[in-house]
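Here subunit A shows up in two complexes: once beside subunit B, once beside subunit C.
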Partner chain A sequence: MFKTILSRLGQGILVVFCLISITFFLVRMMPGDPLTDEKALPPHIIEKNKAYYHLDKPLPVQYLYYFKNLAQGDLGDSMSKDRPVVEIIGSSFPVSLILGISSMLIALAVGIPAGVIAALRKNSFIDYASMSIAMLGICIPAFVVGPLLAMYIASNVSFLKVAGWGGPFDWILPAITLGLTTAAYLARITRGGMLEVLNQDYIRTAKAKGLPTHRIITRHALRGGLIPAVAYVGPAFAALISGSFIVETIFQIPGLGQHFINGATSRDYNILQGVVFLYGVIIVIANLAADIALAMLNPRARESA
Partner chain B sequence: MIRLLTSLSALALALLSFSCSEETPIVKATEEKIMIIGNSNEPAALDPQVVTGVLENNIIRALFEGHCVEDPKSDSDSQPGVAESWEANEDYTRWTFHLRKDAKWSDGKALTSEDFRFAHERILRPNFGAKYATMLYFLKNAKEYNENQLGYILCGLDENFPTSWNELKQINFRGDKNISVDSSANTGFASLSQADQQNWIAHHGLDNLKVEALQAIQKSPELVSWPEAIPAETRLLVIQRLLDHHTAGSPDLWNRAQVGVQTPDEHTVVYQLASTTPFLPHLTKHYTWFPVPKHTILAHGEIDQQHTRWTSPSSIVSNGPFKLTEWEFNHYIKTEKNPHYWDFDAVKLNGIEFHPITNPYTEARMFYNDQLHMTYTLPPEMIEYSREKYPDSLRQEPYLGVNFMRCNVTRNALKDKRVRQALAMSIDQQAIIEHLLKGGQLPATGLTPPLSGYPTLDVVKFNPDKARKLMTAAGFENPRDFPTINILTTDRDTSKRLSEAFQDMWKKHLGIDVTIAQREWKTYLDRVNRLDYDLVVGGWIGDYPDPTTFLDLWKKSNGNNNTGWSSKEYEELLKQASISETPEKRFQLLAEAEAVLLEEMPVLPTYWYTTNYLLHPSVKGWHPLLQNSHPYKFVDLETN
Partner chain C sequence: MQDSNEILKGDSLWRDAWRRLAKNHMAMLSLFVLIAICVLCFIAPTAFQLQDPNSQNLSNTFAAPSADHLLGTDQSGRDLLARLLDGGKISLLVGLVATSVTLIIGILYGSISGYIGGRTDSLMMRLVDILYGLPFLVLVILFAMLISEYSKSLADIMIESWHWDVELVKKTTNLVPLFIAIGALGWLTMARMARAQVIGIKEQEYVEAARSLGLSHWKILSRHIMPNMLGPIIVYTTLTVPNFILMEATLSFLGLGVESPNSSWGIMLKDGANYMETHPSLLLIPAILFSITLFALNFLGDGLRDALDPKASKD
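Here is the complex of A and B:
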């Protein structure tokens, strides 16, 4: 087991390295650069500013500079906002973490029970209703759900604000908006997993032995039925805590997601590379965590690993 | 279970009752006299000599103050700021500002003329690389200093130099980028062949050569194609001066460049200008001209060092009506009344909060729900709704900016000015404003928006009949003969719909086919800069209330021209205007220049901007201003 984790970590580092390298060259292939401005800058000013970010040097040299700084924990300065990328991530990531965790909790609290109930009452009204709602949840994008929640719920409930990021009340609507899609996926995946398990012989055996239904479900069915859901939760959690441009702009949240988009549109190479790097690390860790959890749930996975 | 339910419902009740008693954020803020402003985005920085944008201006204007302050009601007047009084010489080439003696920085230190001089030197320092240094080019020798024109500064400005600058300036100091250089030249100057060395020198110009190249010239002066009039010993003297400068470690040349800023005493600043500048007091209201605290900046780094942390809330020292207290990245910026402000008693607000709300729909929702005193903007589709539901809040005010379409005159289809005129005449500006923009914009009958004292041109008119005649005269009687042209536009919604309107109008009135290419912002800018387009939607916002902010764009040398068009007649008129004796004569010459531009039509003016935004009725002392640069010190909040 320990060996597996180590090898997974090694793979993860390789993945992150490739990710940064590809990003590094891809962003520089986009037309324009950080200093392309609506008001054209005089050439000598462009030169001075490029020199500060080493953009005047050949690509391989820039690439080496980047890794040299990265090794020292320096992700460079943002080229559109006058501050270090590390500081920007430092202020944005905690926000996205809070939002990601609350939306994950919502997704788990809604998605898993809905999936389990739908599986137990297969082809019943509850099954059709919850799966239809889940389908809607997957199909309706956040930029529709978000404003609707803001307009119809926040405007009428006095302790909710239509946008802004102050106290825990302000987490509610964005977390619902963000968590809804995940909840919907989770419900469908859980239902599928549960249905497969419920048809297994050992469940039938348990039933035949006369175990009460709730014990069959909690002791035997869930253990196997949740495996697909757990595999999904890892990467989904990584996606949730790395922020969402749409939810952040709809609810005016100082999170991480907007830097992916703004970094690309403003050609802020450093911030884009910084957030991609962070996202890569999170994905690797989340996948690893999911693998460990799976191994605990599923003896076969433990053995094959 | 039951116990849990009861405690939950008790909690919910408690929350509800707690929240019912709470007043809305705006009611509370109004009572505390804190103004909450939607400001569209996180500022790039808060250093007046670093930033270039409008949203930064909104914050910096609260924190800093220049010689003059915007008048709260009038665009053409200025109120005293750090300067108590100011006067110009007869032809407006020399301005004197008398600073008030009680002006202080927010740390209590006295603000003197040296802070202004320091600020101007800083933004112009070649190594500082300020993006908006051009705003100071009105000062004599400022451009030369900022561009590090060594030949001019070291030889031209030296009265003892044997040859005058008038002759020296024929020497290729600045380089000619049309001369191509061998791409393998990176290996080093010495390894180049003689012909390549000559090209290298001609390409870069003497000002930009390194020691190695200069020494080579010293040995064989024929590497430079010298003008005949320059005697051989002068040639060597020029090279010697440049070499001495480099071997001395290329020291900064502020003291030798004689930039037009003088500080005869602690409370006087005298500006010597490159040309007649009657609007200088307006310029001093722009943040690029603001003083910065020399003592604070030097405590955090060198004068020519960008990206130091002197503007962080714990370090920043400013001189405006407000001072920075909190700056949460991408979240909010809070300011409070500055106790050391010279006009402290006149400031009515206790503080201002700025929120970087990028999504205009979110911003409008926040305003509707009493979370903001003011929005940054208002999307066109929300104007009608706001007019109906919030009639006291909707603001639609003229703004110093123009929307236009650039023509790439190097394209065959658009070479003929009659074609460009025809395109302009078949744009129904009024229809675009009424049905598409809906923001009370004005049809642009000229390029420069209406400005007090300037005779606004009334040239561009919707006239499809005449447009068709012009097309016929240009040889396109049959529209099918006209090639399909393309409109380049950004992915912003308004520009896209605007392009579709043009496309439709030109099809309808001229019968020509137009396609549209939408490109993401930086790709769009890149293509405009490379002249890789036929027609492109664009606009310009004036930096100061004077026609030159719009007319200088179309000079051949201007980096924002991007049309391939230039005219000697036009530039001569602008030059005449810059040395004219009276402001009236100046405006007249500028109007003549603009008439030339509109006759040639390298740009098709579409409409003059308005700002559309929402302002809470509790905000008092807020009047329409062309530059939307409202002086916060006169603003008040009153509970109705």
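Here is the complex of A and C:
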């Protein structure tokens, strides 16, 4: 197991390297460039700026420059904000991390119990009710839920604010907005996975042995039933902590999501590459964690994790 | 189990499933609702000569429902019903195309990776990791640029040789980059889920039995493993459809999907959210139709899941 994890981490470094390389060339294939501004600058200043970002050199040389700086922990300067990318990410990532973790906790705490209970009471009122609520959670997008929460809850509860990012109380509404969809997905996926398992012979055997229901669920059914949910949680968690443009805009949160969008629209190569680099690291870790969890849940998959 | 059924009754898995599905009232009602919504969106506007969904009337904004405008008008005085049905075309198309791509690529890729295992599996899954990390928006911009050169000639072919509806072609060719970008990245989670299922199933006794009978790998995968992993896959599929439809709204918001003044359910929800306090019906009406569609899809998916579960038939 330990060896597998080590080799996966090695593969992870390779994945991030490939990701950065592909992104490097992809962003430069986009039409337009980062230094063309609305206000026409004199040509010699544009030339000077180009030289500063090495954009006047051929692509392979730019590429080598980028990795030389990356090796020294320097992600370059943002071309639209005139600040080092490391500094921009360093100030916005903690925000996205907190928001991502708290919304994932909400999603897990709501989604998994709801899914398990719905599966156990299949086709009962509880099943229909919780799955309908989950379906609503999936149908109603964040740009509706966010303003609704801000309008009706923030204005009635004194310690909750409509927007901003000060203390822990400000985390609540954005985390609910962001976590709601994930919770709904988890509930549906957990229900599906549990239903699959509850029909298996080994559950029948456990019942026939006379095990109490809660033991059957915790010791036998959950292990197999949670496999689809765990496979979903890995990438979902990575997506949650990499920030959400919509939730950040609604609640005016200084997170990472805005840089994805702004970097792409203003062709800010360095910001985009920096954010993708971080996102790649998160993806690798999250998927590795999900695979380890899968291997622990499914002994048959242990050697192939 | 289902193989012995096949020999005894000469029934395929699908015909068997269809018979069970037909007995599920909720699923059949949902199927009917879905067909009705498709008919409404694709056929009704031309059949009943509804108003032009894009014609504005700035002296008649936020009108209440009347004989002229059955559901009232929006912030630019456009007929809400016409826009709702017209937008449904785009949203249903996005959902259908993106989901088909996701299903085909995701299931094939994930199950092959999980079935082969070992180094090939590692390599295939690391490729998925790389694709996960690519910035979605950059890809859409790139595809839009690359495709705009080809899509014009493609549109001409569709209109002249295949006699497709000119308006629909114009609208859909704008969406091609979106379809490709969603298709290119949407299958990744599906592939991971399919792989996880296959790894759980491939060591089961019935797969071993099939292997010892000397069946080819493809037969084992398609006849014995895939039918048994369909349950969670179908459930996840019904969940991805709303995701794709809403993704279109986000991209259109950034100027990369449906071009204004054309509508889609996602765009109507987004516009409606701006007038939530003063004119809630602008948000509620598209939200209700959207929800009905997804609920129906969802119940149909659950019905399919039950119908395809070979073990459930014993109960």
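Note that the second predicted complex is superposed on the first by the 302 of 305 C-alpha atoms of A that agree within 3 Å, B and C clash if a C-alpha of one lies under 4 Å from a C-alpha of the other, contacts with A are read in each partner's own complex, and residues count from 1 in each chain.
Throughout what follows, a residue touches a chain if its C-beta (ideal position, glycine included) is under 8 Å from a C-beta of that chain, and two chains touch if they have at least 3 such contacts.
What you see is a predicted model; the values in this text were computed from it and never measured.
Asks: Look at A:31 in the shared chain and tell me whether it touches subunit B only, subunit C only, both, or neither; answer first, second, both or neither.
Replies: Both partners.
Asks: Looking at the overlay, what does A:87 touch: subunit B (first), subunit C (second), both, or neither?
Replies: first
Asks: Contacts for A:18 in the overlay, against subunit B (first) and subunit C (second): which applies, first, second, both or neither?
Replies: It touches subunit C, and subunit B stays clear.
Asks: Contact-wise, after the overlay, does A:147 reach subunit B, subunit C, both or neither (first, second, both, neither)?
Replies: both
Asks: Report for A:252: first if it touches subunit B alone, second if subunit C alone, otherwise both or neither.
Replies: It touches subunit B, and subunit C stays clear.
Asks: Counting residues of subunit A touched by each partner, does subunit B or subunit C come out ahead?
Replies: Looking at subunit B versus subunit C, the one contacting more residues of subunit A is C.
Asks: After superposition on the shared chain, which partner residues are touched by A:158: those of subunit B (first), subunit C (second), both, or neither?
Replies: A:158 contacts subunit B only, not subunit C.
Asks: Show me the subunit A residues, by the header's touch rule, that subunit B contacts in one structure and subunit C contacts in the other.
Replies: Shared contact residues on subunit A: 30-31, 147, 151, 265.
Asks: Would you tell me which residues of subunit C are touching subunit A in their complex?
Replies: 114, 117-118, 121-122, 125-126, 129-130, 132-135, 137-139, 141-142, 145, 188-189, 192-193, 196-197, 199-200, 203, 231-232, 235-236, 238-239, 242-243, 246, 249-250, 254, 266, 269-270, 273, 276-277, 283, 287, 290-291, 294-295, 298, 305, 309, 311-312
Asks: If we count contacts the way the header does, which residues on subunit A are in touch with subunit C in the complex?
Replies: 11-12, 14-16, 18-19, 22-23, 26-27, 29-31, 131-132, 135-136, 138-141, 143-144, 147-148, 151, 185, 188-189, 191-193, 195-196, 199-200, 224, 227-228, 230-232, 234-235, 238, 245-246, 260-261, 263-265, 272, 275-276, 279-280, 283-284, 287, 294, 298, 300-301, 304
Asks: Over in the complex, which subunit A residues touch subunit B? Could you list them?
Replies: 30-33, 36-42, 44-45, 48-49, 52, 77, 80-83, 87-88, 91-92, 147, 150-151, 154-155, 157-159, 161-165, 249-252, 254, 258, 265-267
Asks: Give the list of subunit B residues in touch with subunit A in this complex.
Replies: Within the complex, subunit B contacts subunit A at residues 15-16, 18-20, 22, 25, 42-45, 47, 50, 52, 126-131, 133-134, 146-148, 306-307, 328-331, 355, 357-359, 361-362, 365-366, 368-369, 371, 520-523, 525-527, 529, 559-560, 562.
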